[in-house]
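Presented below are the structures under discussion, each in the form of structure tokens.
Paired with subunit B in one complex and with subunit C in the other, subunit A is shared by the two complexes that follow.
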Partner chain A sequence: MPAKAMRTSFIKKEGVQGWLMILPNTLGLLLFYLIPIGWSIILSLFKWNGLSKMKFIGFQNFGLLFSDASFLYSLRNTFIYSIAVVPLIILFVLCFGVLLARDEIKGVAGFRTLYFLPVMTMPVAAALIWKWLLNSRFGLVNKFLGYLSIPPINWLTSPAYVLPSVIIIGIWLGVAYDLIIIISGMKGIPGMYYEAADIDGASGFRKFFSITLPLLTPSLFFILITQLISCFQVFDTVSIILGADPPGSLWNAACSVVMNIYQNGFVNFRMGYSSAQSFMLFCIVLLITLVQFKVQKKWVNYA
Partner chain B sequence: MKKFLVVGFLCLAIGLSGMYANGQSESTSDSGKKVTLQLMYWDNVQKKVIDSALAEFEAANPNITVETSVVPWAQYWQKLQTTTVAGNAPDVFWMNVPNFPKYTSNDLLLNLSPYMKNSTTDASNYPADLMKTYTSKGNVFAIPEQFDTICLVYNKDMFDAAGMKYPDASWDWNTLRDAAIKLTKSTATGTQYGFLSAYGNQSGYYNFMVANGGYIISDDQKKSGFDDPKSIQALQFMVDLIVKDHCAPTGQEMVEQNDYLDLFTSRKVAMATIGSWSVPIVHEALGDSADIAPLPKSPNTGERKSIIHGLSWAGYAKTKNPEATWKLIQFLTDKGFNESLAKTAITIPAYKGMAADWVNAIPSYNLQCFIDALDYSWPYPVSSDTSQWESFATREIKNAFLGTTTVTDAMHSIADQMNKLLAQN
Partner chain C sequence: MHRSKTNIAVSYFLIILFGLAMATPFVWMILSSFKTEVELMQTPPSFLPRHYKLTNYLTIMQSIPFLSFYLHTIIITVIRTLAQLAFCSMAAFAFAKMHFKGQNIVFIVLLTVLMVPVQMILVPDYIIMRTLGLVDSLWGVALPGMFSAFGMFLLRQFYMSLPNEFLDAGRIDGCSYFGVFRRLYLPLSKSALISLVIFTVMYSWNDFLWPLIISSSDNSRVLSVGIALLQGQNRVYYNELMAGATMATIPVILIFVFFQRYFVQGIALSGIKG
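Take a look at the complex of A and B:
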């Protein structure tokens, strides 16, 4: 076979074409994810301040994790945050989704845009605005609570309220994006099911629980997986709300795992220790996701 | 076969991108040819002066171009460290006292001594104390740009309205508290407080701790001074102003501000302790209605103390253009640049004899107080892990100011953690 023909036949092979198509993404994945992940796993076995010589210390960094109060607090806070944010997001998304999926409502496109707006906002900018809203003396939130004769709450400076504040912002930011997914999921449900239900005389609630909800489970599963992962990685909003070197009580009450990783890695420059934390977070998220994929067989309905 | 080709292609792509990166960072040699230097610092307030100085520098050295980046304080050390690790740190950058030991002990700063020998730069033109802190093993690795001390600032309007005498050198902590209580009153826009008893270390509690006879870290850098009874007493005085006398903004009010000094500049507080670097901010906000006085003395020792710190210009040890780097450092630490710094009242230039210009730049302020503070100054406390213990000290102290823990508990907790950390080195 002449050389040229051989080359074309090589490129024509489906496998090669596939590889070429995913090449740009694979390169990015390799350079910005896989190599750094591998590197941080190696780093977690060393003591290194970023400038000094690296010193191999085996699994000492991992041993430290479980006696480090700050890390344990951050784990607890991240779990609370995720357990609060994910179900509430799903609840809100379902409520708003039912309304916004109706094309017959006048100006529904405008409403969809409004509800999508938080996605266009940088989390940092959103958190800064929320910081003003939640200000104990001048904030709008306390002003409204005042109309309900509720005394002002120290949203940002009381250890009891600082994590709820972060949770509120997290929900506000998360609902927007997931609405898009849920609306398209709702519109993907064939109309004939509803027509059949109408003929049977089913109520609106019955239709929602017997048709909409079961057929939405694939979308809900997707939201659950992606939201849980992003909840476990929460950083920017916490960082803005807490600010640089927050009071220790607030730090313990609201710092997230990623925030703790950042503090150890880029403020205290304990690169090895902070890599060990990253690796732990990676394992936890992996484990939770695997469990979810196992459990989904029981409740997700691919009709 | 297929796999090998794919892997080969991947490797090639990585290689190419690497070569591209190398090609970019390569620049021409020192002599004659075009050279680009990277300059990094954090204070936006100085940008105007530095920019105009650099224009002058580039005009005098047509073969050198300087690219500047102003990196905010919050990211500055992270940026400097990551670029140093990656080997592409800026050629010239600001260095401060707490971070100096870490960078010199890892051989990352350009040794300036050989260059100084062959030039007109004379170490005796800079404060000896500062020069000493920037010297390691007999060699100079950074040259001070400025120094800063701490003083009391007050709002004259509020004193006038209350018919009270302005603060002066005779004041001690008791006078401060009495005046602060008298100046505290409720107004239409909320409470007006007498004194900003703030949790800043360099401009705040460090000064109180050492004036009271306490210390922050022992001279051999082995022991924390936070649990010294005199240190605790000083902190207790500051916190009591808030929780007992109610003449200072609460911890909550301060934490909610982006910068607690805003409480003073927005006319909510009558007095505050500030570093000389804050003078332009105060002057811009309050104009001639503010003035400066020395820090009040501790009644227990009869002494006053001001923390002194000074930042400096340093060069990157692995710079590709050491000659040009030195030229730029020399220019930025020379008389000319210091003069323009002084005249804008931005900061006290480190260069000998320049302080007078700075003092005269705002005639309505008694800026001489900051210069006089040199007579009772206390060096900024450091060890090789300064940033680590500063970080948890700040947190515990803020707890105490918020009232979530007692001063004694906070100070002992800091000392315990700090001693543990110091023992590791």
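Take a look at the complex of A and C:
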């Protein structure tokens, strides 16, 4: 067989073509994701500032985690943030969904756009907008609270309120995205269930709790998992809210784990320690996700 | 279904009330971008600006290299989107429709990327970029985001739902697998590809942590980082900051307006497939 024909028949083989087609994405994921993941785990056993010789210190970085006050604060803040944001998002999304999934309301599609506006906003920009809305002297939020005769709150400068501020921004950003998922889930519920319930004379509340809610559980489970994961990785908004201030009492009150990872790795150049923190975060997120997948069997209905 | 008039009226009231609450921050951003400093510092705050002038927009474009941040963001977003479209669709087709040794194990290994938080790769990727001499360059910012396990998985699920008959027909006509993919399957997957484009554009446009790490000067800064750095500077006022934020949001709004159907479908799709 001439060389050219041989090469052509080689290329025509399914295996060769298959490998060639997956090659670019596989190489990229390998080089920039998979190898770095393994590398990061190895790095967590070293002391390294990114330039000097790496020094093997075993599990010392991990031991340090439990005595590092700023890490423990960030862990606590991230837990509080996630435990506040996820349930509130689900609550809001259900309320809004019930209102917006009904096509018999005229112009409902137009109104939906109002609710989707946060999806279009860059998180960094969203945090900046809220920073002014929450400003204690010039902000709209305190003005509104004034109408309800609530005295002005130092949202961004008092340690008690800075984390709630970040939580408010997180909810605002998250609700819009999840609302899209919930509305499509609600519209996917066959109308005949509701018609049957109407014949039986069921009330609106009864229909919501007996039909809508059970049939939405797969969508709710998806929102729960994805929101928990993204809440544990919160960074953009926290970094803008805390951005201009040096580490201090406000930081302890609102700094997130990823913020801490960034600070250690790329401001203090403790790259080994930073890697240990990110590995810890990975383990926590993985554990929570696995538990959710186990628990879902008890409450999620798959048709 | 019959609903009483009061029920409908209450629904309208609540929809508008909550809708205004959700929309206020966004509207506030646009309104503030037209206000003067005096109006901004007014107590109690005024809602509408007195004049709609572009002064703040011009100031912000002059005080920082805003246009070059804009250009960087566009270039990086385009590179990432085109790369993901090409690489993910090819890989997705091969995993969904072809059979070759080792494909299952490679697929599963690649999917583990989906489970690992992006923070884990920051330090190693930074070192890789430093070794390649790509720190503070547009390629350095763009590279990791050009490959995606999520996009590959999304498209693979879509190709799985398409019939195998085209493949057989194309093969009998002497097409290579790549030819069958390019001529038959790729055009059929337009809606899934548009979903991927929307996801990639949104992710890339809003991306903050990685560009913050890899950019060290205005040579490679993107909008998110540029705007974030602005707020630390005392000479930049909030109304100018809001002008910057508004400009940064315009492209995403345009995408939403033009692709609203796909936009909503794509997000809904990710929820159903998840």
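The rule is short, and it goes like this: the second predicted complex is superposed on the first by the 268 of 303 C-alpha atoms of A that agree within 3 Å, B and C clash if a C-alpha of one lies under 4 Å from a C-alpha of the other, contacts with A are read in each partner's own complex, and residues count from 1 in each chain.
One rule holds for everything that comes next: a contact is a pair of C-beta atoms (placed from the backbone, for glycine too) under 8 Å apart; a residue touches a chain by one contact, two chains touch by 3 or more.
Note that this is a predicted model, so its numbers are computed, not measured.
When the shared chain is aligned, subunit B comes close enough to touch A:159, but subunit C does not. Once the two complexes are overlaid on the shared chain, A:299 sits clear of subunit B and of subunit C alike. Shared-chain residue A:279: touches subunit C; no touch with subunit B. Contacts of A:15 after superposition: both subunit B and subunit C are touched. In the superposed model, A:268 lies in contact with subunit B only, and not with subunit C. In the superposition on chain A, A:172 makes contact with subunit C only, while subunit B stays out of contact range.
Using the contact criterion defined above for the overlaid structures, shared-chain residue A:137 touches subunit B and also reaches subunit C.
Comparing subunit B with subunit C, the partner in contact with more residues of subunit A is C.
Contacts of A:251 after superposition on the shared chain: subunit B is touched, whereas subunit C is not. When the two structures are aligned on the shared chain, A:50 is found in touch with subunit B and with subunit C.
Residue overlap on subunit A between its contacts with subunit B in one complex and with subunit C in the other: 15, 19, 26, 31, 50, 137, 243-244, 266. Contact residues on subunit C toward subunit A in their complex (touch as defined above): 1, 3, 8, 11-12, 14-16, 18-20, 22-26, 28-29, 32, 40-45, 47, 86-88, 90-91, 93-95, 98-101, 103, 106, 109-110, 112-113, 115-128, 143-144, 146-149, 152, 176-178, 181, 205-206, 208-209, 212-213, 223-224, 227-228, 231-232, 238, 241-242, 245, 248-249, 252-253, 256, 264, 267-268, 270-272, 274.
Taken in their complex, subunit A has these residues touching subunit C: 11-12, 14-15, 17-22, 24-26, 28-29, 31-37, 39-40, 43, 50, 95-96, 99-100, 102, 104-105, 108, 111, 114-126, 128-133, 137-140, 143, 146, 172, 175-177, 180-181, 183-185, 194-195, 198, 219, 222-223, 225-226, 229, 232-233, 235-236, 239-240, 243-244, 258, 261-262, 265-266, 271, 274-275, 278-279, 281-282, 285-286, 289.
Partner subunit B is touched in their complex by these residues of subunit A: 13, 15-16, 19, 23, 26-27, 30-31, 49-52, 135-137, 154, 156-157, 159, 243-251, 263, 266-269. Residues 2, 5-6, 9-10, 13-14, 17, 74, 78, 81-82, 84-85, 102-103, 106, 108, 190, 251-253, 255-256, 258, 387-388, 391-392, 394-396, 398-399, 401-402, 404-405 of subunit B touch subunit A in their complex.
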